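Next up, some structures in structure tokens.
After this come two complexes, each holding chain A, first together with chain B and then together with chain C.
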Partner chain A sequence: MAVPSLSKAERAYIQASLQASPPLRADGRSLLDFRTVLLETGVAPLANGSAKLNIGKAPQEGGGGTEVIAATKLEVEDVETGDGVDGGRLVCTVTCSPSAYPHLSTNALDELQYDLTILLHQTLSHPTLHPNNLGILPHKKSWLLSLDLVILADAGNVVDALFMAARAALWDTKVPRTRPLQYQSRKAGDALKNADAMEVEGLPEITSAFDTRDMARAAADFELPDYWDEGEVLEGRDRWPVCVTLNLLPPSHFLDATLLEEASTPIRLLLAYSFPHKSQPNLQAMRFIGSGEVVLTQLKALNADGEKYARSLFDSLETKLRDEDIRRNVKARDKFAVR
Partner chain B sequence: MSSRVEILNDGGYRSDGRRQYELRDIDIDLSQQGTADGCCTITHGLTQVLVTVFGPKEAKMRSQTLHDRAVINVEMNVLPFSTGERRRRARADRRILELAATIKSTFEPVVQTTLYPRSQIDIFVQVLQQDGGLLHACINATTLALISAGIPMTDFVCAVSGGVHSTSPLLDLTTLEENDLPHMTVAVMPRTGKVTLVALETRLHVDRFADIFRLAGDAGQALHKEMKRAVKSRATRLVGAMETGMKPPMGGADAFERDVVMEDKMSF
Partner chain C sequence: MISFASFPVPSQNETQGMTRHHPDVEDDIDMDEGFEEGFHRLTSPGEPLTSSQAFMRGHGTYIDNDEVISSVAGTVERVNKLISVRAVRSRYNPEVGDLVVGRITEVQPRRWKVDANSRQDAVLMLSSVNLPGGVQRRKLESDELQMRTFFEEGDLLVAEVQAFFADGAMSLHTRSLRYGKLRNGQLVTVPPALIRRLKSHFLSLPCGVDLILGLNGYIWASKHVKQSEQEGEEAFDAEAVYSNKNDDIDDATRLAISRVSNIIRILAAHFIPLTDTLLLDAYEWAVEQEGDVKDLLQADIGDAMIATIAARD
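Take a look at the complex of A and B:
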């Protein structure tokens, strides 16, 4: 996306070496190799879920590579009077740091930001992916899940990084538990009728204005019960898609391009797949970026290949996320218990 | 018992367990980030700031250059999840522009801009987390980023915030304290003892000003030691890496001889 200036000779050199047999890449990878991906969840203490992802960090220097931070925040929205939607909604925003694209002007940066925001938002806020625990009170209150992604550095393949970081942050998101409340004014004559109800509450003397037993649609408001953890995870968190970018250089294609390789590829195909448990994988989004063209008959083969790559990317991301879960939750609990 | 948090209790401790003049712990990371010439991540308590420096380089817009010195351009970006309440701040938000302008004016007298006429130095500030002392964290991080970019400066700039609770001055306030107390940020140049910034946004009694001001000056000296240590350890590591790179391959001292040190004088 951020195309640095590249001379014709350089471009031809990179293309020729990618098409050579065996293909050669500047960092010695094969065509389908990814650079090292580093991931950490829970990096933003004030967010409901967060992740930091780096692709291709230089091992000695401690720097370099594409770096993305993603974080989610939950806000309560009013369905009747506010912008809220029954059942909650998800809004994605991508911000590009000017330090990632020092050669771009402010306007160009805004445009890039906007393009990426649209791509992420359209894919992730699709109804098929919507988690169904974002509602609080039907027709009254719901959660707004805002997902913010920040590109701190771009060393190529930023879209894959964004999707992976988004998936990790959403995986990490905890929705606070809520309990519906209903206010009742007690009439003097009702005292006898409510006697049994009050016994259930265990408050025989005090007439409580709170009645939490009726969770039905009569509830007027909600409260946040004080509980030891931060809430429950988002429903359907295994559905969030991963994206693979196929950089097409006929007759072959390659993955995880660096900036220079990106600049010398005429057309790129973005494929976002979701792999829900116990069902067929879904293709959630597909985009072409660039000015080249692809023959329709190739597309099917590319799709099948893309699904294969996405699957392996998904599997390794899943393993890492489960590791992180253990590191942050189970181990932390054990540590606490020892103390 | 009130529900309000006590700013300074009878035992002389603050709400986070610090003493009056105690700073929160500072973590400085000078490792490289992306393509930046210099960068620094400072974690000061729970405030975290990432500053990257590009330049001196040719300006993007020719019209903005000055013929006799470099232009310093500061852009600031506050991440939406850095505060408790999510709030998207546009890049042209007043508050952000003001902070950026403050940083710019703090560094203009310190950076030797006259060495680079007709060029531009870009400073990009990313606020990752904030919990009080945002401005001083930004200034300290910018100093270190400029140093790691190798841009000549006359001195370090060490900033610290201070406030006063009834009559007792406090250093390095958290958000909780900042909301309740009059506070200011002071940036000092530790070697010369000069002050490049005093920022006061709340009302402060004149009699208390001198106290905090002097205290902040002393704290600046302490910060200077910490920052110098970080720069030194980074430089030592880089030199170490260079030396291991130059070491001869196993037992061959002859290979090393080939790296000739250039001398100033020439022999004919």
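Take a look at the complex of A and C:
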């Protein structure tokens, strides 16, 4: 938020413009227009999946707009020791760069980060969205999928940007292929016995007298086979939700508010929808932000509208993400072949 | 409703990797130590300027290996043996007499703190504003208690730089009928380097929009107020000057304000200094195109506008 506060005259001016007929916004958009969204996936080479997103960057200029970077990293967790959860888990963290909120104190910044983290974590780690391929070995090892988001600049509508960036990064995430291993105890006189996908490596012919490992217990582990790509995509990656923020200014509402518009809106409604294939859309999260009031009867209409907006946002984002996949895989391969 | 695009890719032309210079400067590059006074040379961060044996380093430079090296992109300036670099993009450097647009950030005893895009917040003393009841009136204790009725946090105002404090913070004053609280419009922010010192910083465009070009890069675009109807023309009217209420603004004026704001944003994005003739040309062009106001923010239309108005000059 570059503008910490707003004068009463400015607020009245913005509200009156929005409520005029036809409504007019400061930059001439109509109520339901988004600013241009720039998106690029695969920006962080060391992450399993990453995306950079900017809403409303000024053309020709270096800065401007809400800028968010999202990246995912997979870590192995031990389920038996109690660190991990069987089947894997997802942890979201949102960090706000102090340069995005220069007027906020450290404590206020921490609170904001915490609020956004809770919102994203609760929505994205919901069981209905959980990808199936985060387990490695049942009851033993699983992946911890950490999703980190950094807000580099805030020019309004930061929650929508966060959800879009999160979706893009999760879409881009590749889970490394794993192969289970098993060390089999050697019984006297027995040859090595291979289980299904088991492999025994470097077991000495003669068991050392100093080997104190408990060979009776079948200790299972896994290895990462060398493979030409980085792994397979997350299962159910088209389920990840998108969020639309409806800025309510009775009798109408508008999308993609700038900071000034946000500051002059009494209440905002956040709706996160996911659109799974061949089934009904799911409302994954809903939040009110602000001090205004909404009558319950309006809520149904708002939800219906929100679903419509989310659908179109979802479709555009999906198209863009597929384009990005093509850009990074097919086109990159062609370019390499030409060389 | 929503459109996605990719981040612009840095152009990969054959000149990449070579240092390029503006044609005007190209000849001077070979001229070693060509720091005549009053002569401006462009430099970029990390570029060695001169030897630290012969010159002293000023703002925007540092010394490494007996060389004065620029730490910012900007113009090299020399005063006697002092070399400094004035950054192209920086915060506003105030000078006495400058007209600035600012926003109140804090109300303190007998003073307001004002954000004026400078390195420090500016100060507006209670004694340097016009108080209700005439200019000659004595300052009362009751005024101190009701400072928020004049300006409160978030309010925008136009003022003049009066003096500097010892720490470099500027002191403002609004002791003129043209200065004071702002209403009936919206704020546009541009880099301060783009606002030149003009004969008058109060522009009145024929499309019914008044502009106040603050030298600190804050520009106030508002509905045109007739000279005769300006507050406090005959007698100082505190009600009107410190009012928070907007006048009635018709849709055409709102549209014009939005259009002017977008034009300013585009000019700023192309780093073109603002002048009144330029703004007028651009506004005429935008109206001729008969496009929507929002179309202006698309890159190609903005480029077309810049190309047209650059050709007219």
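Definition applied: the second predicted complex is superposed on the first by the 294 of 339 C-alpha atoms of A that agree within 3 Å, B and C clash if a C-alpha of one lies under 4 Å from a C-alpha of the other, contacts with A are read in each partner's own complex, and residues count from 1 in each chain.
The working rule: a contact is a pair of C-beta atoms (placed from the backbone, for glycine too) under 8 Å apart; a residue touches a chain by one contact, two chains touch by 3 or more.
Computed from a predicted model, the values in this text were never measured in an experiment.
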Overlaying the two complexes on chain A, which is it for chain B and chain C: clash or fit? clash
As a test of reading the superposition: which chain, chain B or chain C, is in touch with more residues of chain A? C
Chain B versus chain C as contact partner of A:P250, first or second or both or neither: neither
Contacts of A:S105 with chain B and chain C, given as first, second, both or neither: first
Would you check which partner chain A:G82 touches, where first means chain B only, second means chain C only, and both and neither mean what they say? neither
Where does A:L313 make contact in the superposed view: on chain B (first), on chain C (second), on both, or on neither? second
Quick one: which of 1-9, 55-63 or 253-261 on chain C sits on top of chain B after the fit? 55-63
With the touch criterion stated at the top, can you tell me which chain A residues are shared between the chain B interface and the chain C interface? 58, 60-61
Parts of chain A lying in touch with chain C, wherever the complex brings them together: 3-10, 12-14, 16-17, 20, 22, 24-30, 32-34, 36-40, 52, 54, 58-61, 255, 260, 309, 312-313, 316-317, 319-320, 327
In the complex, go through chain B and note every residue touching chain A. 31-36, 39, 46, 50, 52, 54, 60, 75, 77, 79-84, 86, 88, 91, 122, 124, 126, 128-129, 241
So in the complex, the part of chain C that touches chain A is made up of which residues? 1-7, 103, 105, 153-156, 181-187, 243-246, 249, 251, 254-255, 258-259, 261-262, 265, 268-270, 292-299, 302
Touching residues of chain A toward chain B in the complex: what are they? 44-47, 50, 58, 60-64, 67, 69, 71-73, 75, 93, 95, 97-100, 102-103, 105-106, 146, 148, 150, 152-155
